[in-house]
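Each chain gets a letter, A, B, C, D, E and F, in the order it is written, and its residues are counted from 1.
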Amino acid sequence: MKFTIQVNEGPYQHQSSDTAYQFTRAALEAGHEIFRVFFYHDGVNNATRLTTPPQDDRNVVTRWSELAEKHNLDLVVCVAAAQRRGIADADESKRNGKDADNLAPGFRISGLGQLIEGGIQSDRLVVFGD
Amino acid sequence: MKFTIQVNEGPYQHQSSDTAYQFTRAALEAGHEIFRVFFYHDGVNNATRLTTPPQDDRNVVTRWSELAEKHNLDLVVCVAAAQRRGIADADESKRNGKDADNLAPGFRISGLGQLIEGGIQSDRLVVFGD
Amino acid sequence: MSDTKKFLYVNRKAPYGTIYALESLEVVLIGAAFEQDVQLLFMDDGVFQIAKGQDTKGIENKNFSPTYTALGDYEITKMYVSQESLDERGLTIDDLMPLTYEDEDDDWAEKSSIIVVNNAEIAALMEEQDVVLSF
Amino acid sequence: MSDTKKFLYVNRKAPYGTIYALESLEVVLIGAAFEQDVQLLFMDDGVFQIAKGQDTKGIENKNFSPTYTALGDYEITKMYVSQESLDERGLTIDDLMPLTYEDEDDDWAEKSSIIVVNNAEIAALMEEQDVVLSF
Amino acid sequence: MMLHTVNKSPFEKNSLNSCLNCAAEGSTILLIEDGVYGALKGSSIADKVQAAMGKVTVCALGPDLAARGIADKVIDGIKVVDYAGFVALSVENDKVQAWL
Amino acid sequence: MMLHTVNKSPFEKNSLNSCLNCAAEGSTILLIEDGVYGALKGSSIADKVQAAMGKVTVCALGPDLAARGIADKVIDGIKVVDYAGFVALSVENDKVQAWL
């Protein structure tokens, strides 16, 4: 079965991203397909490579990046939400006249249409938020 | 009268930062002193210079930076909260082995002791959060 | 699986205190281009999103409420509103903005998009959907 | 203004669902070094922060609840807990971790830090403070 | 005396209820952000707010009322203030407790 | 049929209440994150949850119960599942509604 996962909150402040990660991993282990993980609202903050969590804590960002690499996941960050909150890849950074970028490996920035497409193409859309 | 302001949520997602800004501005206009504005929890996300909000919307980050410059405000970002969430100045970035930094002008990164000190030194501590 | 799915946007949060209402509306607008069968549900504090007379100058925030009145032009013509949620808040339909569309099957007559529903009808409405987006 | 102020930390949120409980505790620990008169209040879902038997392995999150039991060593010996909040949740004091301190004025006898208070006592407690930090 | 701020809708969260239960007589409650819905006339919780007004002073932030389209639907006796008034309330009272 | 997820404490927010009011007969409610407090035996809302269990199936996420120290205080008849069970529920039901 094909899933799209929506994540509405950033790392650490809310459990949403943790639960979405555990759900995604369990779905993959059960042999399901993850069509896409879409990061919206503060969820875009899961995609910054500048986090340095305490060593005895989980690394929410790296965990997503690693899962994406292992399973070839499509981790999409909403461009409009990302602009509001300061998440940018090199292209976005240049386009917006910024001097730095912070997107973590395995994530890509794209439009809201990717969420709708996820809803259309997948058998289930599961939303995690606050 | 001397105020310390605590901001617990990031820009746009919650109104907390907007209200804290309006309160701070009104306090300054009334002739009060702002001892410190302390950004904690997701509040540290107010301090990224990488935001590009829509042109017809307010720029939450720039607004804080400008107010700080005009009134010589002490805008302090909690280092532990900032590390978890990917907010870093050049020093922090280097210390944590990162290849970029994103702190906006007018903000500085420091410890939680700065919040306690604000509580001790100020006549009022006012908290804005979710 | 048909190419057209029934999409329900469930709006349960007040505007301005958080961004969910605004960013949900952005999804609705983008989604309109995909020619799906789209419905909006306003319940709990979500009914405040379409309250009349919003004026955001004082909080220096964007007033996005006029956009709801334009959704009819995007062929979004089914806006469900919870009766129980209105009642709890002491509101009636007159406290809401008029949301209308022009019915192409009825000589472009202007009709209300608002459909007031009770909890049982909301339960049935949700069960009809293919995709539920919640904010 | 005296150099010692009465600080009250008001904890009203459950642990793990959000980070407020953990990061509030970090403030308490840092604040302990400032030698102020510190008190903690657990009310509403905040009472769950000091529930017994927390085991976070399954959610792969850090179990920070043992830290509360160490606060006595930081001379934080007044932990107020709302009676009404316990009642609403069907909890009693036995569902909470034992939080204790050693009383230096009483030959280091081990005593409970927990003081159960009702709403009226909470009102009075808040009025006594110089600084209230809320999470 | 204490200034209590409430920034959550009373229909969504328990903050206003907890605040009303624990606010000492003579203190002031200021409704801000989504908390201003607590000032709404004729709602299911309006009676509880009105009953509390014998014991505490209830204020609401005008800019937040206006943003939400309810500036003309406020319970009689609730005092509407602007940001300067919010600052003044936090000066008049000797501490501020935020019911987040 | 529908799977409803509730991730908020019923003592803090109205999500579970709204979900119970609008869940169709035969649907499943899964309590996750702080929503698992809705599974707590003997609380002020336990009766409402138990009453709903005639109409809907109520489940709770085990890892979230354990984290919060309430794994052994769950209302009788609530089915405890792990993340794999959560996935299975979202497969068995043909859509998922999150009461955020």
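The rule is simple: a contact is a pair of C-beta atoms (placed from the backbone, for glycine too) under 8 Å apart; a residue touches a chain by one contact, two chains touch by 3 or more.
Everything numeric in this text was worked out from a predicted model, so none of it was measured.
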Co-neighbours of subunit F and subunit C - touch as defined: A, E
C-E compared against B-E, more contacting pairs: C-E
Longest centre-to-centre distance from subunit F, chain (CA-based): B
Subunit A and subunit F: spacing of chain centres that average the CA atoms, whole Å: 26
Gap in Å, rounded to a whole number, between the CA centres of subunit F and subunit D: 28
Intercentroid distance (Cα basis), subunit F paired with subunit B, Å: 38
Junction residues of subunit A - those touching two or more other chains: 8, 12-13, 15, 19, 22, 41, 57, 80, 125, 127, 129
Per-residue overlap in subunit D, given as positions that touch at least 2 other chains: 16-19, 44, 59, 61, 131-132, 134-135
Per-residue overlap in subunit E, given as positions that touch at least 2 other chains: 7, 11-12, 14, 33-34, 63, 82, 95-96, 98, 100
Pairs of chains in contact (touch as defined earlier), listed by label: A-B, A-C, A-D, A-F, B-C, B-D, B-E, C-E, C-F, D-E, D-F, E-F
In the complex, subunit C residues that touch subunit A: 1, 3, 5, 7, 19-20, 23, 26-27, 30-31, 33-34, 36, 131-135
Residues on subunit B engaged by subunit C in the complex (per definition of touch): 12-15, 18-19, 22, 56-58
Touching residues on subunit E, where the partner in the complex is subunit D: 1-2, 14, 18, 21-24, 27, 95-100
Residue ranges of subunit B in contact with subunit A within the complex: 10-13, 41-42, 45, 48-54, 57, 61, 80, 83-88, 93, 96, 98, 100-102
Parts of subunit D lying in touch with subunit E, wherever the complex brings them together: 10, 12, 43-44, 84, 119, 122-124, 126-127, 129-132, 134-135
